[in-house]
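Just below sit the structures, each encoded as structure tokens.
Both complexes below contain chain A, partnered by chain B and then by chain C.
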Partner chain A sequence: MDRIPILRMGKFLLVTIQIDLYDRLATNLESDLVQMVNKTEAKGVLIDISALSIVDSFMGRILGNIGSMSKIMDAETVVVGMQPAVAITLIELGLELKGVHTALNVEKGMELLKEKIASDEEPPDETDEDSTE
Partner chain B sequence: MKQDISKLLQKKKKQILEDWINNQLADATLREDLMSNDELREQSAELLDGLLKALTDKNFSDVESKEFEPVYEILAGISVSRAKQGFSPRETGIYVFSLKDALLKTLQTELKDDPSTLLDAMLKTNKLMDSMGILTFETYLKGREEIILRQTDEITEISTPVIRVWDGILALPIIGTLDSARTQVVMENLLQEIVASGSTIAILDISGVPAVDSLVAQHLIKTVAATRLMGAECIISGIRPEIAQTVVHLGIDLSSIVTKATLANALKHAFGILRLEVRKVQKEKIV
Partner chain C sequence: MKLMKIVLSKDSMKIEREQDVVPFRGRVKEYAVKIGMSLVNQTKLITAASELVRNMLKYGNGGVVLIEVISEGRDNGIRLTFSDKGPGIADIALAMKDGYSSGKSLGIGLPGTKRLVNEFDIKSTPGQGTTVSIIKWKNG
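For the complex of A and B:
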């Protein structure tokens, strides 16, 4: 049985989808991920879908579901690396993935997650790091 | 004995060509600026040659006969090239119909003594030349349509440039009406460019869009949502007062989208998001 690996990285969970998702795989991913969030008390979930070239309404819903589920378990979800064609398809299907954050690539997604966690945990410091240029 | 009309015409080919060319030259609408007389003569000779070669007494009355296909091909080529060169429909029509005059004139002089054959030949010639005329217009229009299609494609290509205004900021000035097909092109270009340049902010400037109706607004909202899914933020700028009025009157909700009055304001907002600052250079004071 195929499974999508879920990697733990500090407070975050990392999911990189490298193959085309079929329905069973997607529902498994959903339940595995929620379990992992519970077990590891993760604060953020990063899903990389840069290799995903085909998406249907079911897959879009699963992504949205993961976002909403993580949200009520106090974890932020970031979907990164969406292909232009996938984005257009999802919009045409009327799925705007309101519950999830998005970023261009993994790097920017990680930054975004850290920012979200930081603003959640402690009030932002007044001492911004000075840019010395 | 009944005379062989096609043979007769072939014999008189030179005379017909001369008449035809003279007819064309005599016409007031001759376009010497578009085509030189030599070229015209060459073109006419080719067509007449093909026509007389294909013409036999058997197929004279059958305008759809197979033998005429090469003639129609030559004619189609001529009218398409004329459409592209910018001849008017009238000028192109006169080109073919002046051949008819030349043919009829020859028939008239040759068959003076035989009225019944003359009438018969004239009717057939008329029919043949009419069908050639129709074909000319058909292909002429087709040539024109090709030009229009090509221009439409070009306009779509030109009208959706994606500009990198800053590192990480893209701008997309939209000029002209947004319809579904164009929105698709705009969206695809924008998303592709976002991936290629790794930009996080896209500014959609609609100051060049003449009118926004509910459909256009829908397209805009879609584009913004798609950019968001890609992980970039989309700002709409250049909303003119008339557009603001129509949008509100139509009851379109744009509150989920960041909208700015001008491209400059949008850029400023983008700088704010990226935590960039534009400052005036302070003059160094000499101590």
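For the complex of A and C:
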């Protein structure tokens, strides 16, 4: 396998990383995702990394690149399912995942993306909030 | 009295290509699990190992990693020694700075690795190569 499948769900792209990635696979994922965002005009990218037992600065940079390039094309990126030991290690390593949001799991990640997109797309409400009920 | 480090077992692995990174991390994990290292310490050790092995490939044209199980007093740990015969590092203090990279990457591999382990040692001779040695204690 030299490609990680990217699933399209409405306005979102979904990727589940199921194994510790070889570098080639990771760089392919970066370019595939960026192309897909461009082609599909997706508004959000969700990457599930719950199967990753480590994230080093190489992988961290790839996640960051996906986030910042998607942003340029007007899509938000959320990384979900990071294992606690990985999160602790990343802090000590000194890696900030700039340009990506994080969430606990896929459901929470989807909610976050939907919120982000709603607040981007909807013009400010004419009726203000307390008068809508 | 200063405690002595005793080597309990020795293994080594040649690192020549990018494809060697994942199996190498797997091997380090096996040893860490064998001595009963906690998951957080395992993760720190393997992340540090991944950074150093990448440096060895990217800057040192590959090399050899010595994997040792060691003990000191009551604690057991893993010592990894990364040796390459690459160009070496002229200014180690600069290389150890957060954010410094001669390869347009994040520049956190060396300083980050030092934070993740209990002992960190780097020796380099320009024109001859670089050796980095780290220790992570099981309970450290």
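Convention: the second predicted complex is superposed on the first by the 121 of 133 C-alpha atoms of A that agree within 3 Å, B and C clash if a C-alpha of one lies under 4 Å from a C-alpha of the other, contacts with A are read in each partner's own complex, and residues count from 1 in each chain.
Note that in this section a contact is a pair of C-beta atoms (placed from the backbone, for glycine too) under 8 Å apart; a residue touches a chain by one contact, two chains touch by 3 or more.
Computed from a predicted model, the values in this text were never measured in an experiment.
Visitor: Looking at the overlay, does A:104 come into contact with chain B only (first), chain C only (second), both, or neither?
Guide: first
Visitor: Which partner chains sit in contact with A:82 here, chain B, chain C, both or neither? Use first/second/both/neither.
Guide: Only chain B is touched by A:82; chain C is not.
Visitor: Which residues of chain A are in contact with chain B in one complex and with chain C in the other?
Guide: In chain A, residues 83-84, 86, 88, 92 are touched by chain B and also by chain C.
Visitor: Inside the complex, what are the residues of chain B that reach chain A?
Guide: 184, 187-188, 191-192, 194-195, 198-200, 222, 225-232
Visitor: Flag every residue of chain C that touches chain A in the complex, lowest number first.
Guide: 18-19, 21-22, 25, 29, 39-40, 42-44, 46-47, 50-51, 54, 98, 105-106, 108-109, 111-113, 115-116
Visitor: Within the complex, which stretch of chain A touches chain C?
Guide: Chain A reaches chain C through residues 20-24, 53-58, 60-61, 83-86, 88-89, 92-95.
Visitor: Under the definition above, what is the set of chain A residues touching chain B in their complex?
Guide: So the residues of chain A touching chain B come out as 79-84, 86-88, 90-92, 96-97, 102-105, 108-109.
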